[in-house]
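Let me give you the structure first, and then I'll get to my questions.
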C-alpha cells in the first residue's frame, strides 16, 4: 500500500478525471517514475465530456488512455444494493460519492490486469475519504499491487504550489473547475460540493454555487406524480416503462432536478474523524429512498423490518468508510438481501417545490390487510386476546415491582 | 391488568377526551360498574376546547372532572428526551402519538392516587397501539391497580353498534369528529389520521382531509429563516428569544404549519404486527429533528455519533411499543443523554414550500475545525500519516488473501 | 392458534413423549374431542425406549402411532446452524431444549399432512417456553391448522389434579419420571432439569439428581485428548474418523459424559419474563462450542468476527424464544452462514475433570501468519506505520480537546 | 503523538517495568535525548519485587524513580466497571492485560504533571496492542504531550539486535525473563503468555511454561466452596468477610490458583488485525464473571438483560482496542451502570479441578419468584392468557402467509 519503498513501477494505471489534481498527478507521475502510464477514465455518468478528458490525458503525456462506461454496473451493482439497505450515513447522507470510488478502483484493477500494469495511482488527497475508498478496494481485491498516492508523496505543500506546478507544465485549468477546482464530485447519482466557500458551517452556501438541482424558487408551480416499479428491492421502471438501471436513474434524475429534490447541507464526520461541511444534490437517490421504503413497508415482516433498521447504520458506516469489498459489508448485505426477495411493487410519489410525498404504494406480496387494520368487527383478530397478551407482557413489570426494583 | 376477574371497582379514573369512544366508555362504565367515576382530561396541547369536554363529561354522568395542563411536562420530559435521540420509528415516523400516551397514563395514575381510586380505564380499542401504551405504563408504574379496557369487554361488535349505543344514550357527536370519529389524534406535536378513507394504501388521501399543515400549494411564496437554540440537546429558544419547552413547540408549530412542514404518509407496523396506513402532520418535530442534528453534527465525537445512530432504531421501537417506562428505555436514555451534554448551539433552517434546509449551525463546543478540514497545508495533519494508517488498516486484507479467503 | 372457538377437530396429531403430561393429554383429548388421534413420537436421541412409549400410546387409546427418527435432521439442520453462530442464551445456555421443539413441531406438521389431520396438539404447560416454541412453529409454517393446547384448556388446576386424573384413567407413572415427573428434557444434545427440588436458586441441586454427566469426583484421573474436524462451520468427524452429524454428537456425548463436561446451573429469563432456575448437562455442545470457536479463530476476518459477536446475542434470543422459523432468524442466519464458508479445519481439545481446554487448532484457510505475529523483524509490517495509524486514529481526541469536550 | 518532528524533550516519564524492553528503552532514551528521565513503576499487583526494579532503573541512569501502588484504583475503577459489563473479547478473553494499560498511562500522565515533564515514553513494540492502549490514553487525556515510542524509532531491526545492545550496555537479563523475555504480562488479574514457543497455534503450550495457576493434575482432590458478595454490581467481600477491591481480587486469586481456575488458550485478533496466539491465566476474573452473572441473573429485568448481552461485545472491543477513555466507552458504561444499581447479593461457587460451578445465588432485589416459576396452580398467572399472547404474537405469520411470503 503506497510506494514508500521506492519500488520502481514499470507501468502505472492512473484514475484520471481531467481535473486539476489528476492532471498534475499524471505529469508528476511521468516525471517521477519515467514509466509507462495508462490514464483510465471511468464514466459514472458525471456528465462531462470524456473525449475532452481523454485528449487532455494524451496531451499531458499518457501513453494510453482507456475510457470505460461503467454506468450500468454502477447503478446495478453498487447503487442498488446500497439502496436496498435504505442506507443513510449519519442519518442523512445518501452516499453518492462513497459508492462511486470502489467501482472506479475495481475497474482500474481490471484495466491493470488487461494492460499488465504493476501499479495503480489516484489523485485523491491525503486527508480525505477518497484515498481510503480507493486503497481499501485495492487492498481487498489485489493486495499485492503497488499503490501510488501522489498527494502523499509529492513535495507540494499547498494548493498554491500545485497551481504553480500546473502553470509551469502547461496544465490548463478549464473555467468551471478553475474557479473551484477541487470541490466538486459528480456522477449519475449526485453532485457534491466541499471546500473553501463552504468552510464556515454557520454560513449558507453562496447563491449560485449549486447547479444540479433547481432552487425551490425556480421549480414548477404544478406538482408532478411519478410512479416507480420495483422487483426484489430493485427499481426496474418508471411510470409504466421498464428501464435499465441507468435508465431508472437518469429518468428520476431529470424529474428530481426539475423539482428541486435531494439537496442536503450537512456537517459530517470524515473517516479520519475530522468534521467537514458538504452540500449534496442527489435527486434520484432521494426519490428512490422514499419509493423503496414505501414498497418495502407493505411487504416486510415487522421483525425483519426492525432488524433491518438496526443493521442499517452499521452498513452505512461501512460503505462510507470505503469498506465496500470488506467481508463484513458482504455479510450484512447477505442479511439485507434476504429481506428483499418479496420487495416487488410500485410506489407513487408526488414531487413539488423540493419536497417528496409518498401518496400510494402497492405490492403483490403486500401483508397489509384491511381485515387486520380495520376498526370494524373482523374474523381475524379477537380483541380479548389483547388482554392475554398484555397480562403476559407485563409479567416482568409485576415481578420488578415485587422485587422493589429501583431501575425506574 | 384488565378486569377479567370481575373485580368490582370502587372508583374509576377514566382518561376522557370528549370524543365518541371515551364518551361511550364513560356511559358504559357507569352503567356496568355503578361506581364513582372521575373523568380525567389531559391537556397535551390538542387545541380543543377542554371546558366543552369537561361539561360533556359531567353531562354524561362523571362524578368528578379533572382537567390537567400537561403541556410543559409533555414537551420537556417526553418529547425532548425522544428528540435528543433523533428517534424515528421505521426510519420515518416522529412518534407524536406514541410519546403522548405514557404521560397521559402516568398522570392518570397520579389522579387515581389523589382521589383514592382503585381502577383506571381508557377508551382505546383492542387492536391498536394506544391500549398497549396505556397499559404498559400502568403496569410499569403501578402494577397492582385494576385496569379496565371497555373495548375489550363490552358487547359492541362494531362501530355501528357503538353509534347505536351513543344514539340510545344521547351522546352527541360533534361535527368534526362525527364525520371521521376515530381517525384523529392531536397534540402539541402533531396530528395523525387513520381509518376508513385511508384504508387503501395505494390511494392518496382525499383532498381536504388534512388540516394542520398548509398544502404546499397554499404556502407563502417567500422562504422563512428560523434559528433554534439548544442547550445540552434540548431546544431552549427560537430566533433569539428564550422560550419554555411549550413555547418552543408552539412557535415552531406555527412556522411549520404556515410553510407546509412535516407531512408523512406511511404504512407502518403496529405493535401487534399488523400493518396500518397513517398520515401524520408534525411541523415542530420535523424542524427540531433537523435542527438538533445540525447542532449535534458539530459537537459529537465521531464514534459517539456512530454508536448513537446504531442505538436509535432500538430506542425508537421501545417508544413506539409503549415501553417508555420500561427499564431498557431508561438504560438506552442514559447512554443517549451522556452524549448530549455538549450539544449546545444554534441551527439556522430555511423553510419553504414544505421543505426544510439547514443552512447554518454553530456551537461553543464545536469540534469542526477548519484547520483539519482544509485542503491547504496545515500543522495538525501530516498527509503521510495516512499511508501508515492505510497500511495498518489493510493488514487484514493481505492476511485474508494469503489465506485464500473465499469470503469475498 | 388454539381451539377457543370450539372447532371440532376431525383428526389430531399429538406430540407424544410417553411421560405423564402427554399421556394425560392423550386420554383427555380422546375424551374431549372424540376424534381420530395420531400419537407422534419424535426420536431426537433422547435415549428412551421408544417402542415402550409407542405401546403406551396405543394402550391409552391412540388410533395410530408414528415414531420418526429425526436425529440426523436434528443434528444437521438445527443444532449445527445454531452452533455455527456460537449461540449462547444470556451468555451461557447452549439451548439444547430450545432447538428441539421447532423440529418436533415441524415434523408433526409433516405427519399431519401425511395423515390428513386438521389439528395438532402438544403437552406443554401454559406458563413455559415449550408451548411457545411449538406454536410459533405451527404458526410460521401452517397458520391455518387448529392447535390444541390441553394445559390451557383443561380443568385441572394443579399437578395434583393431573395425577388424580392419571390415577382414575390407569395412566402409569414409570419410576424415573414418577419421582420428578415433569422436570426433565433429554435429547441428543442435552438433559435439562427444572422444578420443585431446584426451585430455591440459593440451594445447590441435591446430590444424585443429575445423571447424564459424571460428577467431577467420578471422572477419570487421566485427561483425554479429542480432535474435532470441521468443514464450512460444521463438525464432520472426530479423531480422524469422518462421521454423520449424529455420529459426531454421539461420539462427543460419550467423551463429555465420561469427563464431566457441560454442566450449567443457571437462573434464566423465560420467554414470558419470569425467572426460572435450570440445570443443564450438554457435553457435546460444550465441546463443539470450544472447538468451533478454535477453528473459527484462525479463519475469520477480524471485523467479521466482531460483527458475528455482536449479532450472536440477538440470534440466541430468537432461538430461545421459539422463533426458529421466523424470517428474522433466517435473515441473521444468512449473515452468519456467509461468515462460515472457510471455517474448515481441526481443533484439539483436552478434557479433564469437567474442564475443556483448547490446546491446538489448524485450518487450510488460516489467516494466522507468524510473519505478522512475530516480534522479530519482518517484511510484512513496518512498525513506523503504527505511528501514522495512531496519529490518524487520535485526530478525534485532539479535536475533542480543542472543543473543550466534557464528555470524558 | 510520537516524536517524528524531532522535538527535543526536556523531561521524559518512562513507564518502566524492569524487563528487557523497558531497560533498553531507558538507556536508549537517555542516550538519544540526553534529557531528564523519570522512571515510573506502576504497581498493578504484578507480584514482582518493585524495589529491585527501582534499583535497576537507577542503575541504568534514571534521574528519578517513582513507584506508585495503583492496585486499589486498578481493581475498583478499571477491573470492576469492566466486570459489571461481563465483558469478554471475542466471546472468551477476560482482558486482564487490556484493562491495565489505560491506568498505567493515566497514572503516567499524572506523574508527568507532578514532575513537570513534557514527554512520556513506553516500551511497547510497534506491532502490538499495548502501544495503542498507551497512546490512545495519552491522546484522550492530554493530546498535547510528546509521546516517544522507542520501538518505532530506534534502529534495532530485531530482538537479536536488542539483546546485543543490552549486552553492550550492561543491561542484565534476570533468569526468568531471560528465557522468555517478552512473553509475559502479569498483574492482579492475570498472567498472559505470548511469543515464540506458542507461535504454532496447532501445538499445545510446553509443559511447565505456565506458572500462575495449578495444572488440573495438581489441584486438590476436594472441591472448595466460595461465596462472593456484591453491591450494585461490584464485589465487596468473600465468604462473609468485607474486603477492599484489592482484597477481593487477592482472595479470589489465591483460591483460583489453587484449583486451577481461569486458563485460556486462544487465537485472537489483535487491534491491527493480525492474529496472535495467547495463553491467559485469570483465576479471579473467571470466578467473578460467573459470580456476577449469577447475582445479576436474579435481579435484571429480562429486556435489560437482553440489551446488556447485545451491547457487551461492542463494549469489550472498545476495551480491547485501548479505548477506555474514549467517549463511546463511557457512553456504553452509562447504560451498563444504569442496569447494575440493584445487582446486590451473593453467589456461591464450587471450584474443583479447574472448573467453576455456580451452586447458589440470592439477592434482596431478586425478581425470581417461585409463584411465577412453579408449575402448580398460582394466582399470578392464568395460563389461558398464553393463548391470547400467542394469537397476538403470531398475527404477523398469518399475515405473511396470506401474502405468500417467500422469506421462509
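Just so it is clear, A, B, C and D label the chains in written order, and each chain counts residues from 1 on its own.
Please note the rule applied: a contact is a pair of C-beta atoms (placed from the backbone, for glycine too) under 8 Å apart; a residue touches a chain by one contact, two chains touch by 3 or more.
None of these values were measured; they are calculated from a predicted model.
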Problem set entry | Length of the shortest touching-chain route, chain B through to chain D | 1
Exercise. If you take the chains that touch chain A and keep only those that also touch chain B, what is left?
Worked result: C, D
Exercise. A-C or C-D: which has the larger count of contacting C-beta pairs?
Worked result: C-D
Problem set entry | Centroid spacing, where centroids are CA-atom means, of chain B and chain C in whole angstrom | 40
Seminar exercise, completed: chain A to chain C, mean C-alpha position gap in Å, rounds to 42
Exercise. For chain C and chain D, what's the span in angstrom between their mean Cα positions?
Worked result: 31
Problem set entry | chain B residues counted as touching two or more neighbouring chains | 4, 272-275, 301-304, 306, 314, 326-327, 330-331, 338-339, 366-367, 369, 372, 381-382, 384-387, 389, 391-393, 395-396, 398-400, 405, 407
Problem set entry | Of all residues in chain B, those that touch chain A in their complex | 1-2, 4, 86, 90-92, 125-128, 131-132, 135-136, 139-141, 143-144, 149, 151-152, 157-160, 182, 195, 199-205, 216-217, 219, 223, 260, 263, 265-269, 272-277, 293-294, 297-298, 300, 302, 305-306, 309-310, 312-314, 316-317, 325-327, 330-331, 348, 350, 352-355, 357-362, 366-370, 372-377, 381, 383-387, 389-391, 393-394, 397-398, 400-401, 405, 407-408
For this session: Would you pull the chain C residues touching chain B in the complex into a rising list?
Result: 299, 301-304, 338-339, 341-342, 364-367, 369, 372, 380-382, 384-389, 391-393, 395-396, 398-400, 402-407
For this session: Please give the residue numbers of chain B that touch chain D in the complex, ascending.
Result: 4, 272-275, 301, 303-304, 306-308, 314, 323, 326-328, 330-332, 334-335, 337-339, 382, 392-393, 395-396, 399
